[in-house]
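Consider the two complexes below, in which chain A is the common component and chain B and chain C are the respective partners.
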Partner chain A sequence: MSDQLTHNIQFNEIVKPAPGQFHGGIHPAEFKSVSNTQTISTIDSPRELVIPLKQSAGLTATPIVSVGDKVVAGQLIAKKQGAISANLHTPLAGEITLISPKYAGHPSGMMSPTVTIQVDDDQDLSNQKSQGENLPKLADWTLCEPEELISQIALAGIVGLGGATFPTNVKLKAQSIETLIVNAMECEPYITCDDRLLREQPERVLQGALIAARATAANNIIFAIEDNKAEAIASLSTCIKKFSPAIPVSIVVAPTKYPSGGEKQTIELITGQQVPAGQLPSALGLVIQNVATLHAIYEAIVNRKPLTRRLVTITGNLVTKPGNYWVPFGTPIEYIMQIFSISQSDCKRVIIGGPLMGNSITNFSAPVTKATNCLIFNRPDPKEKLWLTSATKHDPCIRCGECETACPVELLPQQLLWFSQSDQWENLENQGLFDCIECGACAYVCPSEIPLVQYYRYGKSAINKIKQNQINAERAKQRFDFREMRIARTKAERALKHQKAAEARQKAAENKPADPTGKQTAINDALARVKAKKAALNEPAEHSSNPTNNKVD
Partner chain B sequence: MKLSSPFFHHAMPTQRVMLLVCAALIPGALIQIYFFGFGVLINLLLCAGFAVSAEYFVLRLRNRPAKETLKDNSALLTGLLLGIALPPTLPFWMTFVGVWFAIIFAKQLYGGLGFNPFNPAMVGYVLLLISFPVEMTAWLPSRALAENLPSFSESIQLIFFAQTNEGHTVESFRQLADGFTMATPLDFVKTEATLGLMTSEIFSQARFDANLSGWMWVNAGFFVGGLYLLVVKIIRWHIPVAFLSGLFLTSSVLNLYDPQLFSPAWFHLLSGATMLGAFFIATDPVSASTTPKGRLIYGALIGFLIVIIRSFGGYPEAVAFSVLLLNLAVPTIDHYTKPVIYGHKEDKEAHHE
Partner chain C sequence: MQELLIATLTLVGFAFVCGGLLGFASIKFKVEGNPIVDQINEVLPQTQCGQCGYPGCKPYAQAIAEGEAINRCPPGGEAGIKALAELLDVEILALDESCGEESLPRVAVIREDECIGCTKCIQACPVDAIVGAAKQMHTVIESECTGCDLCVPPCPVDCIDMPEIEVTIDDWQWPSPAKTPANETIPVKVIS
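Let's look at the complex of A and B:
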């Protein structure tokens, strides 16, 4: 069954329909119109920022400020550590008041290191100048070498803003890239930040894309977008026509279907090809960048601005004015609730990200980070069965196979569940557990309301634990074997040493002259004389009194 | 317990799925009641009651939440499926034995809904067929042929007391005016064929034709119910299409080979439990193959086996045997028909080289 475009899109030489399609997928209620009609604006400056030091994939950044330091907007506060990590800059001027572990939004409630900044008063966030232009000045980017662009992007602390937060500079270093795909699918319900950005600032995103293409030496750019974003498509295609870029830029429109924005699914839609298992998109000559990331690249290269804020969709039925807002990193969610007059008694939880792959947070002190693309403050309607936020007892799996028709990677979720429930780890892995992208389409369609993805996460962590145990056991075995070997070796060495010493002694004894000083001869002579004397004295008694002597001898 | 993502969920609940399958039985069941009398309805009610009570009984023994679990309606469905397959005047205690065996041994002992490798209704049916072959093949002639079908009260008397107040037994209802006892078309064909009659001779008999028409209507009813299940997407096309194609192809090949020895394909398609089997029995997801390719193989082999057993086997009808035999093959089918996971196409090609 092939998917049809459901929205009316005018195709031309720039706007084309997607040639490929992916297996399965779902059509959840979109809730996009809640937030996508409002123009982008900024929120009022928060009083305090809590900036987590780990906001990217890889290693935590190392703070380079101390408590009491004054910082200016855009100042580097933590440096990346190792290859996969990202710089952090303060969005606002203020004073460092605390560097300590705090709650930073981890779903488990885990604490992580943060820098707390008391923000100076009177900072107008809508004023672009106050954002800080702290990066080195570059020449016209069209003349820059790719290395220069990439190092500027690394300095700016840019990471993949689609949610994966992988450092962009590392991704752009991929070799033999032909095509840059801009992921503007935004397939999760509620989220509209990329849509709004493309509608309002397509020229910035386009320039960001051209910069990224130059950095990777890609020779064409494809914007991948779902057909439910007609306005964004129109505004972007007008922009492309006006700009007439040096390399071909096209917009490829895919039918609205979750999870078309998954990297692998996007690639399948745009190219008709699948990324081979265990390889990166670069194996197909592709690099994928998200719309917001490209905007950040534009800001870093053209405006010298580090990444200190992002566009966040603030939405849900509890929000007074849902829409897309520029939010500085470190802004506590409770502050956002305050400005949007959301009372904590109404709102039991906030969803960070979308309802299908996001996190549910009940501690509102968590800050907005580079990964926060959407905040959903929703009071679930009891009549509406759509939301499922707490685990109830689920019905057994009847193997209806709905999940298998929904799975975008063609797994058999019903089999994964079966093996996961019965702890059959080897079978579970053979069924492709680690190919699961955890999109949640299977759980969405499950008639028995089985939280399938949690079963897979459980399986993944159990298998990883077993593998870690195996590695540990292997290491322990190696250590044990080495110890045994070492003991045996020392023993052998010692034995050899003893043997050699003994041999040496023996040799020495053999080689020694019989009586080098003549003492022994003197003693022997003396003894002989004594013996002779004694013999002379006892001579008369010898025959009569001592017959036993012979017997003893 | 707090859940992690996804937080959206949108699907028809299992209990509703089961209920809609029960509802889809209605057209076929009504036609069957019309052609074979109220015994069909009484059987359905009895089976539903026995199935639910058996499930309740075992769940209590197993210390499971009985009332809550019964709400999944799966026991009800098993009962109805078995009930529709029973001859309309079967003694009630046989019905009881079949249903309780189905629920207890074929379903609950394996762990209940979702864990049974065999279709419970068919296990119950086969138990009865093997244990009580005479009673289980004692179908009444259809209304198109019968002199008089038992009334509602006569049906109750036959089922519970084996004879009516007037002293009529099941046998007397089965006899036509000329004293001929009418078997089901499948049974009739089998018996006549063993007597050396050619299919053309069998099919040209008027009373056979009249009896068959009732069965064809019943099959049409289940076909309509099955189409409804397809439309509301409770079942998918794979199993019914493969089932009917397998049945059609096998019977056509045999019929082409020797038209006088083997019945034509239309006869196989429209008699016995063919449509019930294709849309309601073989599609039981718990015991069927679960991969897309596997479902095609599973369905096609059931269709194939039905014709083979009907044509060469000792029993006139073969849906239950075929389904159970293929239930047995499901793990193997599933193992060899795993779909190729995203990004693993090359592994597979490499594997084949």
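Let's look at the complex of A and C:
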């Protein structure tokens, strides 16, 4: 595997080759040309939107509209809840018809809360004004304080559009940042939305990057890009020259290799340094943002538009006009299939995301969300080898070690497999399971076609569950101990009270003056008198009886 | 004779020094209670349900330390027995069925309109997860409930249900490929 630049790129003071490299990686067929020749366009607006309330990492947003409400394009429909969560806005005007759980593309097939909107007929998606300008007006962003920019980004509901959907405002709050890295690697096959965006609207992305740099107080910007995107590099470097930004902006070109777009892999390529396990890039003074996210930041700050749509690569051999399209969030996939005349009988399943890290689903009612960067509709190939999730269908591991050479995080995938198969959680964790980025490079090279990533996901969720149970058990233990303590305390208190009362009684008895009121004396006197009387009565009686007796005698 | 004396005295001296050190250590590093009891208690699920026949997890941990069987904890289940066996280096046993069966986690739910406010369940709850007052409706703090069943028998009107906790989208777990039915597939390798 050569890690040399394979494409012809002109280097200059702006465009530089990447100084670092990362371990392993793979070179799958790219399938980028399927969709990257079409210019960006929009799709006709759907009749109905199904907007999931959870479209970001963290907590589900709380809906602030109710059934029957009329909403205008760009209106806030759900508020973020807690620190890690994101606002949601409706992309189109319409009426709320339903707030209920629906299928939203989760790999479990489970339903999640959604808001359904019946879209009004009289709107045109291509008309930019109908997109709404619902965010507060800001002064010129070059004069804004970082906090103002970050709060506007939070209001706009912007999350990482590379796929992780982590709220951008939280990420930008990181302290002591020196460099903003723009992740334009887009290393996964089929996906071309960032490539197209950089080719067509580099000035917006660049401005978005400058805004993000201001928000984090970064003093330079590096665009990280693979060498298979020569057009994007050219258009971006022209734009940088024309714009002559206040802080240094450069483009660093890395050889095309999957997964160079993984956050930690990008950093290794650009800086030659590794982010320590379990830490964030901010540990190295870096913050990393995706191209589409920066475009969204530009829209929020300069055009006051909340995040309501995204660029989606719609591709695959079943699509009539594969390319990149602005798709409003909540657009059902079955509607997209209708537009591109894909019949459900031809297409058994759609891959959401890339072919290596995405999910394939068969329920086409799932909507496009903030995380959906790519939709792949491929005709099932009879010769295509399906990757089976069942252990009974794949071959056993032959210990060839291919996976180890491919792993970009330098883990030992076959060891992880053994431990996951035998539920050895502690060993699994010690082998660095949680450093696995689930890129699928190991599974791609595996000659036995073992669904390795499935095993790791299984291990990760099992370990997380165990940890959660431990936390719960610890809390239950504390509550139980507290209750025991409380019961013992109440008992002791009661015993003490009884003892005190008894003591008090005794003391009272001792200290009491013999007869404070004279009653006792009176009683005693009376008793004594009675006794005396009795005695007196008995005495004469005895005397008298004797004489009587005597008399009788 | 002198060599013998020197050797004896050296050894005696050495013995005294060691004895002194050990004596000091036994006072300085004295461990209160039996540490193994705490370790066992860590492994137990802390439902405090008493199905093992002891009034709570800690007393059972104490009993295990004194030689009680490790297979008397249904909420801990097979995994719990395995962990205990590993900790104590004893053989893994099957769950003692006289104590109960391993079941999915449950949570107590009071049918609130039927509650008469007798406070009996509040007194029975080992983790103080029921709130309410005399002649007032009671309710269960679900996040704190361990699903131990102890509140069910004291209820005079039988208004407490113990439904299984439903899996939500947030705590859903990826299935193991080794335990996945053979017909479920993910067609990821469409490239190449």
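Just so we're on the same page, the second predicted complex is superposed on the first by the 500 of 553 C-alpha atoms of A that agree within 3 Å, B and C clash if a C-alpha of one lies under 4 Å from a C-alpha of the other, contacts with A are read in each partner's own complex, and residues count from 1 in each chain.
In this text, a residue touches a chain if its C-beta (ideal position, glycine included) is under 8 Å from a C-beta of that chain, and two chains touch if they have at least 3 such contacts.
Quantities reported herein were computed from a predicted structural model and do not represent experimental measurements.
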**OP:** Have a look at where A:411 lands relative to chain B and chain C in the superposition and call it first, second, both or neither.
**Re:** first
Original post:
For A:299, is the partner it touches chain B (first), chain C (second), both, or none of the two (neither)?
Top reply: neither
Original post:
If you stack the two complexes on chain A, which partner ends up touching A:449: first (chain B), second (chain C), both, or neither?
Top reply: both
Subject >> Partner chain in contact with A:112 - chain B first, chain C second, else both or neither >> reply: second
Original post:
Once the shared chain is lined up, is A:195 touching chain B (first), chain C (second), both, or neither of them?
Top reply: neither
**OP:** Figure out whether A:186 sits in contact with chain B (first) or chain C (second), or with both, or with neither.
**Re:** neither
**OP:** Give one of first, second, both or neither to describe whether A:474 is in contact with chain B, with chain C, with both, or with none.
**Re:** second
Original post:
Between chain B (first) and chain C (second), which does A:482 come into contact with in this model arrangement: first, second, both, or neither?
Top reply: second
**OP:** Check whether A:226 is in contact with chain B, with chain C, with both or with neither, and answer first, second, both or neither.
**Re:** neither
Original post:
Both chain B and chain C contact which residues of chain A?
Top reply: 28-29, 107, 189, 351, 355-356, 359-360, 385-391, 440, 443-444, 449, 451, 454, 457
Original post:
Any idea which chain A residues touch chain C in the complex?
Top reply: 28-29, 31, 54, 106-108, 110-112, 189-190, 349, 351, 355-356, 359-360, 376, 378, 380-381, 384-394, 420-421, 440, 443-444, 449, 451, 454-455, 457-458, 460-462, 465, 468-469, 472-477, 479-484
Original post:
So in the complex, which bits of chain B are touching chain A?
Top reply: 1-17, 72, 74, 112-115, 236, 285-286, 288, 290-292, 295, 334, 338-347
Subject >> Contact footprint of chain A on chain C as seen in their complex >> reply: 41, 44-48, 56-58, 126-129, 144, 146, 167-169, 171-192
**OP:** Name, in rising order, each residue of chain A that touches chain B in their complex.
**Re:** 22-23, 26, 28-29, 107, 189, 264, 268, 274-279, 351, 353, 355-360, 362, 385-391, 395-402, 404-405, 408-412, 414-415, 431-432, 435, 438-440, 443-449, 451, 453-454, 457
